[in-house]
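Consider the two complexes below, in which subunit A is the common component and subunit B and subunit C are the respective partners.
Moving on, here comes the complex of A and B:
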């Protein structure tokens, strides 16, 4: 009887704590989205009235729309390249013993310990030396460096956890190594690959610090554009544009969830 | 039509046709030229587009591309890319001009190149022939008149005992912080090389300080949500609060006001100096000069005649007030700044 009561209390408090944590995590985004529907000229919460006027302004604003496009295609490209590089690196680390393996592992995770400002300035100096600063490459590479630790970590975990005997069985049946990777390894770690791609997309899409050093030829990413905007103006347009950013991120995540199912991502 | 009349008419028509492209080229002097300028973002860039870039495109066919970003990052980009600069014109505040000059990446701009330079107010061009000043932003004491009935009159007033737990200040690493510290020092017998009086005031103000805002937006929000009733803020942002219905009063300290000036600088090695001078001249024209004050209520740097509504709102609206704008040794301020930041952190956080 007493044990039942304690169990029930634990369950209720667990649910409450979980709800509180989820609320804390989601509340900034919820506040921004709700504020974006205000009909007034001032950004405040709770919003006054209901209107889509700030979305109309956002869609009509060429600077924000161009920046949204830049951010989206850079993030998509980064996610693709990060997957290719990250898979190759994680596969080598997981399957082979070689000299310098510990160094490679350290290198793959080093962007996490190097401050983003230092990384941005370092990459800027490098690309200035190569005379490539007015191209897209610095931004791509900068974001790639930022995303690699997350991608390698996620894929490495998937490779470690999946059953290698299936690969060995395929090889026993005379499948070539390339075929084993294509037909056995990749399908089995697909949830990990897709989680990694989400990490890469989100990390690239929301980055400000490194991007502000590596924007090129008038192309600015959306977070940099928003950051510069709020320094001189503070109106609900920022909330509307930020909500669009949230929507794009959610669309990417939901598309992947639709493709493979959320339970496989967990 | 007689033969002579016909010949006269035909000659005139032919001359007109032949001259048309030349005339067109004259009116569109900078057609196919695009100037790349780093932007401050938001309403600031928008105002410059309307008041400067738009008229230039109409008049000369000159296009101006503003790229929004953080000035510090843009400065690093410019210094790192000396051989192929990413900008033709660089827009920045006084403190950054010191860095531009150190890096030797900007050209002098003479009055012979930009005639409107002669309209600049005395003392508003701080770096000799370098940079064209076009906007003044001042850091001033402010208070919410709904709650504070005894007006603040100086920077040092933030230490007043009736303001306990009500004061918001910019964080020490912001340039605004250096300016009000200098104000507090000079109001109390100190100077840029003797900041002890400022630190004493800050120490006395410690129980009053409710927050050190890391960004302008954060400070704006705090005043908007009435987390604090008094503090130090940019004059333009205080005006923005008033437009949102918050009764924030801007104070003009009688001993002087500390400001930073925005400059446009011509980057060394840029391809179109004449177009850059046309940009600077338009910026200093009446139309260009009033663009920023009309949008954001920051001050002017020339003898432009202020419309009545602007004259009422702007801090520097008369020769007497202009004379109270404090001259700042930016080089020394830049050199001393990190020490001040450390002292403020120690004073406030201990």
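Moving on, here comes the complex of A and C:
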């Protein structure tokens, strides 16, 4: 009876603590979204009145809209490329032994040892030397450097847990290696692919430190643009733009889940 | 379950019609030979069993036939075509894995259909075959379940249905019953035999359980340390083992080392003499429990006095370990419980030498 009560108490407090943690994690976003609907000229909380005024301003602002497009475009591309490169790399490391494998594994599993600012400067110099500063490649490549290790790591973990006997069974049932990967391997490591691609998207979409060094040539990402804007003025426009960012993030995550999740049923 | 055709019961496979043929196949892992210089032919329609202790190379042999392991040397043909260097997906084999290896993200029907899709069968033919296979293993009601929702026995039958759906030239099974409990194992053994017989598929079966091998096989390949010890029917393997290893591995027996004299009688190292007509030289006598009987008045042949070392009562029979002139023999006899022998008792026994096997030393390759 008493043990029962303690169990119940533990369960309840566990739920409460979890709710509290989620609330704390989500509260900045909630705050921003709420303040974006204010009708006043300044950022304040709680918001005064309700209007879509600042969304109109945001949609009319070409700098922000261009940056939102650049960010989305770059992040989607980064997620796709990181997933392809990451899967190929992880698959190779999981299945074959080759020279430099230990080095690559170490690279994928060590935390980012170079401070992001140093990485940004280094990449800036590299791309200036390669004469690529007028293109979007610096952003793409910079974000890939940030995301690929994590993607490799996540997919490698999925592949390690994956039962290779299933692939042999498929091959015994006349499936060519390509079909084995498409029908057996990929569907079974889908959770790993899902979290890896979402991570790659979110990292690229929200990055400021590295991006700020690589946004020359007119390709400015949204977080960098927001930073620049907040430097001079502080009005509910940034709240509206940030809310748009949250919406795009959610839409992309749901799309990835739908795309990858649908594959699983096919 | 399925009706067994009468002809199938007395099936005798043709010795020269081989579905699978391994010729001098070896597989080395570094210096270690998992399989060395092995030649095995699987005849059309037979159930051939690879039998041997754990680690003797059975799985490796089976996986070389399926194409998952590449032989270091030798050749493998399936239906007369050299398959030694072909990948698994070009080989006409159907395999049942020890852990079944059902695809967890596909339903039972999709699992069975998978191979047919790879062979690019039209949709309605695929559906028809899936239904046929589900009926064969008597699980048509489980078509839309996921493997995780099945019991071990059901998973096994689905794995069998999946392997048989493409009507492979040879069915390969690696210890298919090892994950089942003892009772279910017996039932699945009978079921598998019936299914295999009813579709007439050539089968190569791996087990370390001699009873399973004796009960199921048309022929048995006894393997030891990567090599073939003997190939023969269950009767041949049991009645006339060619090596002491085979004798010891198949069924319970005592092995007596000794010599056969010029008169054809066998004398063990400890001096136990058995009259017979064997060829002279050093040899090993294989004495199974059924060869040792309690002496009766009308018994022919000499009687021996044996001292009981151990007696185990099993209800229907008692297994007794006897000391006979310094040799240990096991016998099995029905004793009423009130007359049950005790350790130290003396028993008078005869040894039937009619079908007793004495293996000459030169046949003993180890």
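Operating definition for what follows: the second predicted complex is superposed on the first by the 249 of 266 C-alpha atoms of A that agree within 3 Å, B and C clash if a C-alpha of one lies under 4 Å from a C-alpha of the other, contacts with A are read in each partner's own complex, and residues count from 1 in each chain.
Simple rule for what comes next: a contact is a pair of C-beta atoms (placed from the backbone, for glycine too) under 8 Å apart; a residue touches a chain by one contact, two chains touch by 3 or more.
Computed from a prediction, not measured in an experiment: that's the story for all the values here.
Engineer: Kindly classify A:166 by the partners it touches after superposition: subunit B alone (first), subunit C alone (second), both, or neither?
Structural biologist: second
Engineer: With the two complexes superposed on chain A, say which partner A:184 touches: subunit B (first), subunit C (second), both, or neither.
Structural biologist: second
Engineer: Mind working out whether A:97 is in touch with subunit B, subunit C, both or neither, as first, second, both or neither?
Structural biologist: neither
Engineer: Please work out whether A:176 is in contact with subunit B alone, subunit C alone, both, or neither, and reply first, second, both or neither.
Structural biologist: After superposition on chain A, A:176 lies in contact with subunit C alone.
Engineer: Spot which of subunit B and subunit C makes contact with more residues of subunit A, would you?
Structural biologist: B
Engineer: Is A:234 in contact with subunit B, with subunit C, with both, or with neither (first, second, both, neither)?
Structural biologist: In the superposed model, A:234 contacts subunit B only, not subunit C.
Engineer: Which parts of subunit A are in contact with subunit B and also with subunit C?
Structural biologist: In the superposed arrangement, which is not itself an observed complex, subunit A uses no residue for both subunit B and subunit C.
Engineer: For subunit A, which residues count as touching subunit C in their complex?
Structural biologist: Residue list for subunit A touching subunit C: 163, 165-166, 168-177, 179, 183-184, 187-188, 264.
Engineer: Going by the contact rule set out above, which residues of subunit B touch subunit A in the complex?
Structural biologist: Answer in residue numbers: 36, 39-45, 65, 67-70, 73, 76-77, 80-81, 83-84, 86, 215-217, 220-221, 224, 240, 243-245, 296.
Engineer: Can you list the subunit A residues touching subunit B in their complex?
Structural biologist: Touching subunit B from subunit A are residues 41-42, 44, 63, 120-121, 124-125, 128, 131, 133-134, 212-213, 215-218, 220, 224-225, 227-234.
Engineer: Which subunit C residues qualify as touching subunit A in the complex?
Structural biologist: Touch list, subunit C to subunit A: 66-68, 87-89, 93-95, 97, 99, 101-105, 114-115, 118-119, 162-163, 166.
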